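Each of the two complexes below includes chain A, the first together with chain B, the second together with chain C.
And now, the complex of A and B:
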């Protein structure tokens, strides 16, 4: 009856955005799934460094000279990201589809009818949390690898060329994957469909591309979203056809931006 | 106030709602009555900007819902009581909605108290009974202290205590001068709660009328009369323009004449009457006559 709003608050855009962000922040932390998945992500990234680095240390002597020359200690320490990206991507998908599955989206949109703003802020809140956590986890994994790769096994230091970029790149890559998952969730509005699409793009596409005849693999594989984006946390390029780290990350950013644009265009016309 | 003009929603070629024109006024409970599938929920979703009209408009306080910056202060809605994340506590569910409209936590506690959920505020909403879930949904609608409230089938699945509670709440919200629109397919409930009715069938508005008038209009000129010689009386009444149905017990149901004309005719022609009474109509009767031709899913009535 008596909207107790200070008049100056009514049409101020920053205030509106802050309110949406606060709401999404409360939602993120008030169910068990997000904190659990985020904790699991940190664990997978750090544990990956322990498992892989101790494996290389014990098996180093039996590796061929070319394998030893291609060894990338930074990438090996960070390689838990390959598993972590599935968790983070799924978290992004579920951030949207869980609201559609329960019907909560109607209450959410009734409180925030600005759909483009709602989805953008939802992605940004999740993205910021994922960035902070996965950047910290990448540093932790790198530090663990640094201590485990001893003796004859080469190790990297943050001062070496490209190493700091790769460690920071782990956080950037997973943030983009979280946003990609969020966009897929908003496009499909269905948990099974969203997850299938996500895993299809991140797992099945690279595997399929790898099965193609050599030339075709080299033409297609480097441009797939996961393969392109993951160059940012490599120090040595895995293949001569790989994109450079920043080109690869830019291409992944482009994929994410395109899916976000599709979401924002469609959302104007779709019924909730 | 809610105002719809030519509001139409099509899904493919099927029209869920077509050409609705109505105004929902403040200070009274407006019942939105119609059989399942009549288009009540679709209309409510369009009011809230969740579904977009194929054509026509609907405005809340003169504005499209999507253009409202802090909508919870204007309109509060209970659409589906189960539309909560089952793993989130009642408090956090409301807190997240409140935060989205800059509503302080103190208000969350106040509405929890108002609906009687304070003792279970920290429990997961997934474990709530339907009655508790309805209360949580209503708490959400009340969060912004809005001037307009929408309730979609609020008494579904509630026990008598819960029904009485919601009825009293809706009446008091309207008495405070708010606009209250409540949909239901339960005519008995509407008869007790609503002041004004919008009756909808197959997506079309069948009536927009005060509750009393709908019942009165439907009951007007229907008289039951028992006479010694009911065959002769029936013939006489027909000459006066009445439409007569003869019941098995010999009672005549007369439509198109009021009790005064029937009594005068009987006296003039020397009929001995044993009974003469106006037939009172229930909302249910009125509703069925209005929706007779617009029920989507009708089950065959056993003979």
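And now, the complex of A and C:
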């Protein structure tokens, strides 16, 4: 390639990708809520370990033998993720809908008319930030839990089978939730609608499934996105009907991929 | 009267008298009612909440009916028609919280709140009018939703299955308790919305408080610390009001009192912030 031809450079894929990534990076951090939400996520994950692990330590003697046998120290340390998924999911939704709300999306699309590429880069940038933060937070929560679960309460170590997978899985799960939020935000293009859809799928569907007679719950619940994906940060399966960790994570990935595919198909046709 | 006197309409004291508190109150109530009535998202939320509750109740009761002969003896013995029939309340509460929050956050979202506060600088009056309307409309909607969903659900429990009717004292209390829970949750949503002024934050907080927090802490061992905190979560106070198996939870009457206390504290916080900060 002749480096003196500016036209060639303008169309070169790596340059364009780098430029899009840089602009998405700037936009992510200039959304006023992003640093706050990310800090709150880390806080919630670690605080969850403190509250839950001290709760189990102080009440361990009052638990029945079967409850004690079912106790999963790794999962308990990581359960702040259940609260953090709302923050991370909302961040994913807002990463798209706030641009539609302010009208910035028109400038963005004028600068990068390659819409599929734009959304992919947006997802990659957000996913990388969320993955780094939530993986670090998972390790912090696990460490906090190991120090809090003392005395007769069993604790886990990273060498135990499945434990490292669960701790790393916490970061993978939250990354997929962020991407799910991004896809739903891009589908709905509205903050309240996007948030309602995401929270409806992650929180209200499992509640609804729980109201049904036991055998129907067992049939439906394991296949819901949140329940399936959360198996990756369990060491002991919560029910005999649960999917295996990697099957569950793959199913969640499939849900995210399906919504991303819907976005890419629609996004190319819809006006901004 | 001498001809030099100015006409009555031009005299300074003839300017329209200051509105009496009663007239002002009625005017604010009217304007709040018009705003509430014209808010499309409020009607959609109310209608969706009603439909979802009735639908969920029918779905749950019908599936129990169809699975009844496959359920084990233990599951059948534990089946409680009122508790199962009212299970939808866990989800309906979210709609009522959203309803309350939307009644105020949409005004902040569109900027309408500036016009409202300019027309009525007596800010506590604005909040009082909203509260009164939401309480009246919310309790009527709550009672209609809970009774309709309960009755339709119970009508599906036929044959040898146990079922409840509104004449059973336990069931009547549970239905009234459920309606009270929904009404108070709506008010909590209103004051929360006033505090945070954003639909997204208000809805996320409500969901975190009513669906995630209970899942995280309900199953912790029942240590003294647990008994002094977890039963007082709003969702658990709600359970006290409509569920028959209270276990470690608060009795119904103190539960209603505590929930009302939460609403009062939220109202006081909302009022303080509303008075001190810019629109």
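Note that the second predicted complex is superposed on the first by the 264 of 272 C-alpha atoms of A that agree within 3 Å, B and C clash if a C-alpha of one lies under 4 Å from a C-alpha of the other, contacts with A are read in each partner's own complex, and residues count from 1 in each chain.
Going forward, a contact is a pair of C-beta atoms (placed from the backbone, for glycine too) under 8 Å apart; a residue touches a chain by one contact, two chains touch by 3 or more.
These numbers come from a predicted model, not from an experiment.
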Joint occupancy of chain A by chain B and chain C, clash or fit: fit
Partner chain(s) touched by A:113 [first = chain B, second = chain C, both, neither]: first
Centroid geometry (CA): angle chain B/chain A/chain C, rounded to a multiple of 10 degrees: 80
Contacts of A:26 with chain B and chain C, given as first, second, both or neither: first
Touched partner set for A:82, first chain B, second chain C, both or neither: second
Which superposed partner A:207 touches (first chain B, second chain C, both, neither): second
Partner chain(s) touched by A:35 [first = chain B, second = chain C, both, neither]: neither
Partner chain(s) touched by A:196 [first = chain B, second = chain C, both, neither]: second
First (chain B), second (chain C), both or neither touched by A:16: first
Partner chain in contact with A:271 - chain B first, chain C second, else both or neither: first
Closest approach of chain C to chain B (Cα atoms, Å): 13
Contacts on chain A seen with chain B and repeated with chain C across the two complexes: none
Residue numbers on chain C that touch chain A, as the complex places them: 41, 56, 59-60, 63-64, 67, 70-71, 75, 84, 87-88, 90-91, 94, 199-200, 203-204, 207-208, 211-213, 215-217, 220-223, 225-226
Chain A residues within the chain C interface of the complex: 48, 51-52, 55-56, 58-60, 62-63, 67, 79, 82-83, 86-87, 90, 94, 191-192, 195-196, 199, 203-204, 207-208, 211-216
Interfacial residue positions of chain B with respect to chain A in the complex: 45, 48-52, 65-75, 77, 79-80, 82-89, 92-93, 95-97, 99-102, 140, 144-147, 176-178
Footprint of chain B on chain A - complex, ascending: 1-5, 9-11, 15-16, 19-20, 22-27, 30-33, 98-99, 102-104, 106-115, 269, 271-272
